Structures are given as structure tokens and as C-alpha cells.
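Next come the structures, one after another.
First subunit A sits with subunit B, and in the next complex the same chain sits with subunit C.
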Partner chain A sequence: MSVRVEINKLVKNFEKVEALKEISLKVEEGELFGLIGPDGSGKTTLFRLITNLLVQNNGTIKVGDYDSRKDFKEIRKITGYMPGRFSLYHDLSVEENLNFYAHIFNTTLKENYHLIKDVYSQIEPFKKRKAGDLSGGMKQKLALSCALIHKPELLILDEPTTGVDAVSRKEFWELLKKMQKTGITIMVSTPYMDEASLCDRVALMQNGNLLALETPENIVNQYSGDLWQLSTSNMIKIIVDLEGVGNGIKNIFRFGEKVHITSSGIEFEELNKTIIDFLEPKGHENIIIEKVEPQIEDCFLDLMDEN
Partner chain B sequence: MWPFIKKEFFHIFRDIRSMVILFGMPVAQVLLFGFAITTDIKDVDIAILDNSKDNVTMELSNKLVSSGYFILNENLKSNDEIEEAFQKGKIKEVVIFENDFAKKLKKEGRADVQLILDASEPNTANMISAYTTGIISTYSMEYIKRNQNIPVAIITETKMLYNPELKSVYMFVPGVITIILMLVSAMMTSISITREKEVGTMEAILVSPLKPIQIILGKVAPYILLSFINLIVILLLAKFVFAMPLNGSLVLLLAESILFISMALALGILISAISKSQQQAMLLSMFALLLPTILLSGFIFPIENMPVILQLISHIMPSKWFIIILKNIMLKGVGMEYFWKETLILLVMTIFFIVMSVKKFKLRLE
Partner chain C sequence: MRTILYILQKEFIQVFRDKTMLPIIFVVPIIQLLVLSFTATFEIKNVNLAVVDHDNSVLSSKLISKFSGSAFFKLKGRAVNYKEAELSLKRSDIDQVIVIQNNFEKNLNQGQSTHVQVVTNAINGSAASLMSAYANSIIADFNREIIVEENPLVNFGLPINVQANFWYNPELDYKIFMIPGILVLLVTLIGMFLSAMNLVKEKEIGTIEQINVTPIKKYQFITGKLVPFWIIANIDLAFGLVVAYFVFGITVLGSLPLLFSIASLYLLAVLGLGLLVSTMTNTMQQSMFISWFLLVIFIMMSGLFTPVESMPNWAQIFNYLNPVAYFIKINRMIMLKGSGFADFQREVYLLIVYAISVLTLAITRYRKRV
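Moving on to the complex of A and B:
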């Protein structure tokens, strides 16, 4: 069972901030939909509007046939919501947390154990432990179990991987993929751009605007311009040293251990010479520049830079 | 509903701070008020200026000194010495018998005693004068009985009902009950609800199919029970440590307390609805509830002595009415017919706050 979500010209203003500026998007049934964007871009607000924890100033949200304003009680029944910060009771044990959430959604752990088995079995050995004593990854799995316990048709996850180690993050996405196969519609937000490629489609948000709404492949394909990867012997102060490097270079940003440089209308030889001439006097050696294929993060940074 | 309440109990029992506030504080407050901040007097230094020196004044002086409240510091010889005696700073009161005291009492049926008090501590001075007056009037009663003749008056009789010995413990127990119930019910619930807001669990509860009234009941039910336990602890302490009587009906007392607890819980929910953090909830409870309860309810400062404006404000303090009810039940031992008005006021306030709090409690974040 799954539902589709239709958002039409959604506007939300807080006292001084326009949190969402006429956002429209559709999430298909059974889709794993990602909302990517930096802090304060409006992701959480969008989720809170869908669950009607906040009310929009304008525009409509439909979850299945339900309208978020009129039928919010129905929507809440079929929605599993995992707020940022996990919303667990730290002084209750794993089992007690789960039982509590099962209870408030009128079900029991026993009854719906099969629904959360994949997730819960990983933390079940620690079921007597207090939630506050769990690692980030385990908290996240517990929170996910709590959100799934009432067999929702729509699962909304607000930054589930924030503050969680890389291995747990990977495991978590594998779990989401598995869950998607059961037919549930999943909306997940994350500030980590590399996670975007794991979604069916992603929406890139910034300052309440929707910058892109595409499959990850299409976002990469639409990338225009050239992308170069730079490494030298002194990567620590490289960004500072590159300041004011000159024409044709659009953007410079760190990418893992390396630095990515975007340019347009400039050939490799020219770029290579410019940079080497610029960096060598500042004590850099082994300067290597190579052309690389853009990854989704590059596309996002580029899109965000344009706006 | 039960799992929700059980969860709330886990929160309380697993948090040492809550436990201390809930169970340590009532006991500490009762004992503190009872022993440390006592307004009873004991061994007060006085001086006597006996202008008559007859058998009556001698007897009266002896009564005063042997009462245990006063110590005779000095016998004065003339009015000129009074000022000096006070200036030394040790004595708090001078008792002056007029000339021919016994004679006048016999012939005219009245004689005057003058009390001069060091009023730099007004409360103590009041207390001392009341005690002295009490002893003198007891004596004059005895005198009349003994002589079996026409009534005599030494001084206008001061009648002190309900608390003849002016024991302050009788005054503070109703006050402490009120404070504790207010604190536990209003402050603890408002904090526990705002804590869920702060930690983010409220968001998850709100999106559940629970109705506002269910959420509220789940949150407050444990505190009803705990307040009740506290009430009983205070009553037991009052009875067995301070020998305070409970003259009225215990059932009535408990029933009225439940009314007051409900009112305080509703206030707590209201506070949690308007505060964003635990600290804010705590400060609001402190300043909006606790201080007025202590200051304006007549618990410490008599309402009759306040400026009119404060007297008016005190009418809207639920605690004022509750203290009146408590005193009626505990000290006077009277029944509902004597304080149905106060009960009605409290009931109206309770209903008002409950309606307000359910209305204010939103299923949204704004």
C-alpha cells in the first residue's frame, strides 16, 4: 500500500522569513524521494506542512485523496513520521520506546513485529538498554522502527542520517531500499548531497526555493561546464592560496581530499598553466590537474551557486 | 491510556531531580516551616514596672514569668528607666501596673496594665503583646472565679478563637499544603510537557491519532496521584510531628484537595502551552503561580493588612480560597455549609482553566 503526494504552489511564511516560496512537486506511489538542501532551506517546514504540524499560508498538499488541511487526522493515520533529532525518550529503554509508540498508534509490537523485523532485529539484542545510551546509528534504527510500527503508507524521514557515522548511514539507506520494495512511499530529507544518488528522484532546495526536481542521473547529465580536480603537496591552505586565481574559473570548492574547480570557455592547457603559475610561487609542489566527470554534489553546488 | 501513564511514571521515577522535588521538598518544607521559620515566641526578655506592689500585681508578674514565654530581665522603679531599658536592646516588652492596682480592681472593678513593646520587629511585637494579653485575661478570669463577686476587668479581653495559643504551625500547614500541591501539579506538569516539546517527542505524539484530551490526561494523571500522596504525607507530618488537629472531615478535605489539584494541573497545562522551553515553564510557574501563592494568599501576610488593590488581586488567587477552605476544615472542623461559597469559586476557576487549557492545547506546532 502506498500513496502519492501532490504539493501545489505551497507558501509558508514565518514572522520574518519566507520559509517556502511557491513550491510544487509530486511524489509518486512507492517512490523513494529525496529532499536535498542545506540547513534552513525549508525541508523540515515542508514535512511539517505535510503532517499538518504547521499550516501553510497558501497552496495545497494532497496525500492520496486527503487534503492536508481538512483531513489531517486521516493523513496522520497513514503517515509514519520520523522528526529530526529522532524524538525518542532517552530515559526509556528500546523496548519501552517501541511499545509506547505502538500504543499511541493503537497497535502493539507483537501485532506488527513483522513490519519492522528487518530494522528492529538489528537492535533487538539491546532492547533493555536506555535509548539515551545508544549509538547514533542505533538510535536512528529505533526511531525508524517507531515510525514504521503502525504500517504507514507514507514514510517521512527528516534528516535521518544527520549525526550518524558513515557505515550506519550506508546501512540505513540499504534498509530504506528494502522497505521501498514493500510498496511504501518514502520521503527523506538530508543535508548530505552524496545520498541524493540513492533516491529515485531528488528535489534540491535552497532558501525555500526548489532548484531542481529530477532523477539523480538527469541532474548529472544536465551539468554544463567543465570540472577539474586539483591536488598539490599542500592541501591544507589551498583554498586560501587559490583566491584571486583569475579568468575563466567559476568556482572552487573542496571535494573530499581534493579540490574541484569549475570553469567555462577555457581549455586544459591554459587552465593548467594559469594555476601552476599561480600556485608555485606560494610553495605548492606536485600540482596535478585532471578533468573529472561531475558527481551529483558538483551539480548541486553548481546549481546553488547559480541561484 | 495506561501505557501512556506508565511511561510518564518511568520519566518521574528515573529522574533523580524530579524525585527530589516531588518527595523531598514537601517534607523539607513542612519541617522548615515548622521548626526553623517558627513565629512562636519563647523566653522573651521583659521588664516589669510595678507601681503598686500588691498581692494582685505580684501574682500577675509570677504568672507572666512562669508561663515559659517570658523571662524577667529587670524590675524597673520608675517611668524614667523604661527608655533606658529598651535602649540596652535586650528586653522586648515592659509591663506597667498602675498605682493601687489591687485596690482599684476591688473598688472600681477595673485596673489598667500598660504594655510597651519594642516594635522594631513588628511581627514579634504583635505576637508578644498577644501572648501577654492572653495571660492577663486568663488571670482576670481566675480572679473573678475566686472572689465570686461582680466582674472585674484588668484589660479588654482578647479572644483568640481556633488557635488559642497562637501556634504558628496551625497557620502554615494549610499554606504549605497549598504551595506543594501548586508546585507539584502546575510546575511539574508544565515542565514535563515542555520537556517533550524541547526533546522533539511532542512532534511524534502530535502526529499520532491521540486526541488532545488523551495526551493531556496521559501527562497529568501521574501527577494527580503524586500530589495526593504528598498531601497525605504532609497531613501525617502535621499530625505526628506538630500535633496539629484535623477537626473536620478527612473525606471532605481530600475532595476539596482534588478540586484544587485539578485547578493547578489545568494551570500547568496552560503554562506549557505558552512556554517554549523547560526553563521558561519553570520561571513562569515560579513567578506567576508560586510567588503569588505565597505572598497574596494570606498564607504569610494577612490579607486584611494589604492595600486595597492587593486585596482585590488576592480574590483571583485560587490559593486564597483553598487556604480558607483548609482552615475551615482543619481548625474549625466545620462542614460544607460554611464554605460552599469558596468551594464554588474554586470550582468555577477550575472549570475555566480546564476549558482554557484543552482549548489552548494544539495538535500543531504553532
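Moving on to the complex of A and C:
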């Protein structure tokens, strides 16, 4: 069972801050939908509006046939929500938390064990441990179990991988993929752009605006301009040294250990010469420039820069 | 209904898992009861007295020995002159000065009148008037003795012989007056603070966000928060009554079931108030401050220490909003006078209205939002 989510011209203001500026988007049934954006871009606000923890100033949200304002009670029954901040009871054990959430949704751990088996089995050996004593990754798995225990049709995960180590992050996404196969609609937000490529479709948000709404492949395909990767002997002060490098170069940003440079209307030879001439007097050696295929992060940074 | 049971189960696990909770529930009330009932007293004992005796005669030392022989006064020594006594008064070494003038004995023996000056530290007005009354009665007594001695043939009897009977507390023991009030105080503290802290704790830790997206209904959640502390406070009251019996020998003259029914009603009002504070605040600190503020006012105005009847009119009107005042009054009536429902039914009806309004407010004020 899964539902679609339709968001139409959604506006939310907090006093003077416009948190969401006329956002419209659709999430299809059974889709793994990613909400990508930096902190403060409006991801959490959007999720809280869907679950009616906040009320919008304007616009509509429909989860299946339910309206978020009128039928929020129905929506809460079919939605599993995992807040960004760990919100389970620290002083209750893993098992007690799970039983409690199962019971208040009128079900039991036993009855729905099969739904959460994949996630829960990983923390089951620690079921007597207090939730507050779990590691970050285990906390997230427990929170996911609790959000799934009532067989939701829509699963909303607010930054589930923030503050979780790289291995646990990978495991967590694998779990989400498995979860999706059971037919549930999943909306997940993350500030990590590399996680975008794991979603079916992503929405890129910034300052309450929707910058892109596409499949990860299309976002990469739509990338205009050329992308170059630069490395030199002195990567520490490279960004400062590249300041004012000259015409044709649009953007310079760090990408892991390297630097990515975007340009338009300029050939490799010319670019290569410009940069080498510019950097060598500043003491850089082994200057290597090569053309690279854009990854989704490059596209996002480009899109965010345009706005 | 089953949902409420699960919420209750969760709340009880949390209450008893908290290691500071058991001492708070059982040790704190006992200490309060034991400490407050001995110390919260208006009885005056051990008044520190200085005497300035300018006469140094047989009669003047007889008067002084009357003071030093009394249980109320403690002779802190004699001062040579009034200046010295005044200095000790300023330093609060003494509370009262008796000045006996020159020719005290001579004047009396010649059948003339003489003077005794009594100076009292009146920073605490009610204590001062008591001290001064004690001193006056000792001097009056001394006066009468002298008159009888000088005129043995005159029958110096008072025309009206007053016989005082003190009901409900025949020995005028302050503890008997205080204990029913202190019992109210301790269930109030437990009830109000625990409930005011509990809901806001969920807000502060963030667990409320997960709860709010569940289909739990507001009244179920509030009931789940209320019942555990309601039970705990009732147990505390029972515990306090047992201590009052074994330590102070105070038994409940009235009906115990009546006492507990009214306590339960009263606790609904107090817990409701705590939950209301909890719904209106965002951090435990805010909640603690507001409930402390309310409690101090409620307790000071409740008649625990001073009679409500002697407060100004506006304060007596304010006390309609003060649940503590109702229950202290009722509890004293049940415990000490053995009063029945008919004797305080007006207060009970007002408490019912109070409890219903506060709980309704708390439930409507609690929003399943962030």
C-alpha cells in the first residue's frame, strides 16, 4: 500500500521569514523521493506541514485523498514520521519504545514484526538497552523501526543520516531501498548531495524555493557548461589564490581533495594556459587540469549558484 | 481506553526508572513534615531579656526573679545603664529590656506608685506584642502580690472569673494546627511540580514531536500525564498521615474516605494547574519558575500560617482562585474537628468547578503542533 503526495502552491511564513515560497510538487506512489538542500532551506518545514505539526499560510497538501488541514487525523494514521531530532524516549529500552509506539497505533510488535524485520533485526540484540545509550546509527534504526511499526503508506524521514557515520549511512540507504520494494512511498530529506543519486527523484531546495525537481540522471544531463578538475602541489590555499583568475571561468569550488572549475565558451588549451600562468607565480607546482563528467553535486552547486 | 493504559504503563516505567524519583516521592515529604511541624511555630519561647536595675533592692530583685523563673524569658544578664542595653538590642543579642527605676522599693514601701519600663524589639510585630503581653502579665502579677501584702485585710478578688476552654486543640499545641496544613502543602508540591515538569520535559527533549504525529487524542495524553501523579500524591498523603500518627499522635477525627475523596478532587485541580503551566511553557526552567511563583503566592495566602480572615478583603476574594486555601481549610476541619461533608460543601463545589475548568483549559491549550 502506498499513497501519492500532492503539494500545491504551498506557502509558509514564520513572522518575517518566508520559509516556503509557493512550493508545488508531486510524489508518486511507491517513489523514493529525496529533498536535498542546505540547512534552513525549508525541508523540515515542508515535512512538518505534511504531518500537520505546522499549518500553512497558503496552498494545499494532499496525501492520497486526504487534505492536510481537514483530514490530518487520517494522514497521521497512515504516515510514519521520523523527526530530524531523535524523539524516542531515552529512558525506555529499545523494546519498550517499540511496543509503546505499536500499541498507540493499535497494533503489536509481534503482529507487524515482518514489516520492520530488516531494520529491527540489526538492533534486536540490544533490545533491553535504553534508547539513550544507543549509538547514533542504532538510534536511527530504532527510530525507523518505530516509524514503520504501524504499516504506514507514507514514510517521512527528516535527515535520517545526519550525524551518522559513512558505513551506517550506506546501510541506512540500503534499508530504504528494501523498504521501497514493499511498496511504501518514502520522502527523505538530506543535506548530503551525494545521497541524491540514490533517490528516484529529487527536489533541490534553497531558501524556501524549489530549484529543481527531476530524476538524478536528468539533473546531470541538463548540466550546461564544462567542468574541470584541478589539482596542484598546494591545495590548502588554492581557493584564495584562484581569486580573480579571469574570463570564461564561472565558478570555483572544492570537491573533496580537488577543486572543480566550471566554465563556458572557453577551450581546454586556453583555460589550461590561463590557470597555469595565474598560479605558477604564486608558487603552485604540478598543476593538473582535466575535464570531468559532472556529478550530481556539481549540478546542485551550479543550480544554487545561479539562484 | 486501551491507549490510555499504554500511556500510563509508559509513564509509570519512566517515573520509577528515574532514580531521583523515589526519594522525591517518599523522603522529601517526610522531611518536610518533620521539619516544618517543629519549626513553623508562632509560639514565643526563650525571649532574651536584659535588665537595667537602677534600684538594686530586695523588691527589684524579686521582680527580676519572677522573669528569670518564667519559661518564656531567658535572662541574658544585667546592664549597668540603659545605653548598654540599647546597644545589645541593636545587635539583636536581646529581644527585650526591663528598666527598673531608682527608688523603686522606697516608693512602693511608702505606698506611692513607681514605674517599670519595658522596651521590646518590635521588628516582628506579632512576636513583639506577645513578648510585651507576657512581660505585662508578670508585672501585673507582681503588682497584685504587693497590694495583697500591703493590705492583707482587703479582699482583692476580681469580680468576673474567666474560665477559658480551648476546643479541638486543648493544649494549644501549634503542631496540631500546622500538621493538616503541612500535609496539604506536601501533596501540593509533589502534584504541582511533577505535573508541571513532565509534559514540558517531553517538549524539551523533543519526544513530543513523535507523539504528536500519532493518533493519540489530547485527552488521552493529558490523562496519561495526570493519573500517575494523582496516584503518587494520594499515596504521599496516606504516608504523611501515618507519619503524623506515629510521630505526633495525630489521628483523623473525621472520615478517612471523605478525606481521600476530597484530596483526590483537590489533586485534580492542582495537577490540572501544573499541566496547564506545562502546556504554556517550552522549557523546564520556565515551567519551574511559573509553578514556583504560583505556589509561593498560593501557599502564603492559603491560611497555612496566618488566618485568611485577618487578610484584607481583596486577598480573601483572591482566595477563591486559590485551591490550596480550600483544601487546607477542609483538611483542618476533617482532621481536627471531625467535620462532615455538610460543613464544607460550598468549598467542595467550588473545587469541583475549579478542577473542571483547569483541566479543560489544559486539554485545549495542549496543541498537537510544534
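Simple rule for what comes next: the second predicted complex is superposed on the first by the 307 of 307 C-alpha atoms of A that agree within 3 Å, B and C clash if a C-alpha of one lies under 4 Å from a C-alpha of the other, contacts with A are read in each partner's own complex, and residues count from 1 in each chain.
Going forward, a contact is a pair of C-beta atoms (placed from the backbone, for glycine too) under 8 Å apart; a residue touches a chain by one contact, two chains touch by 3 or more.
What you see is a predicted model; the values in this text were computed from it and never measured.
Colleague: Subunit A superposed: clash or fit between subunit B and subunit C?
Modeller: In the superposition, subunit B runs into subunit C.
Colleague: Under the stated touch criterion, which partner chain does A:57 make contact with: subunit B (first), subunit C (second), both, or neither?
Modeller: Touch status of A:57: no partner.
Colleague: Let me test your reading of the model: by the given contact rule, A:146 touches which partner, first (subunit B), second (subunit C), both or neither?
Modeller: Both partners, subunit B and subunit C.
Colleague: Overlap of the subunit B and subunit C footprints on subunit A, residue-wise?
Modeller: Touching subunit B and subunit C on subunit A: residues 48, 51-55, 73, 76-77, 79, 81, 83, 85-92, 96, 100-101, 103-106, 146.
Colleague: Enumerate the contact residues on subunit A facing subunit B in the complex.
Modeller: Counting only subunit A, the residues touching subunit B are 48, 51-55, 72-73, 76-77, 79, 81-92, 96, 99-101, 103-106, 146.
Colleague: Subunit C touches which residues of subunit A in the complex?
Modeller: Those in contact with subunit C are residues 48, 51-55, 73, 76-77, 79, 81, 83, 85-92, 96, 100-101, 103-106, 146.
Colleague: With touch defined as at the start, can you tell me which subunit B residues reach subunit A in the complex?
Modeller: It comes out as residues 3-4, 7, 10-11, 14-15, 199-201, 203-210, 363-366.
Colleague: Across the complex, what residues on subunit C touch subunit A?
Modeller: Checking each residue of subunit C against subunit A gives 2-3, 6-7, 9-10, 13-14, 17-18, 205-210, 212-216, 368-370.
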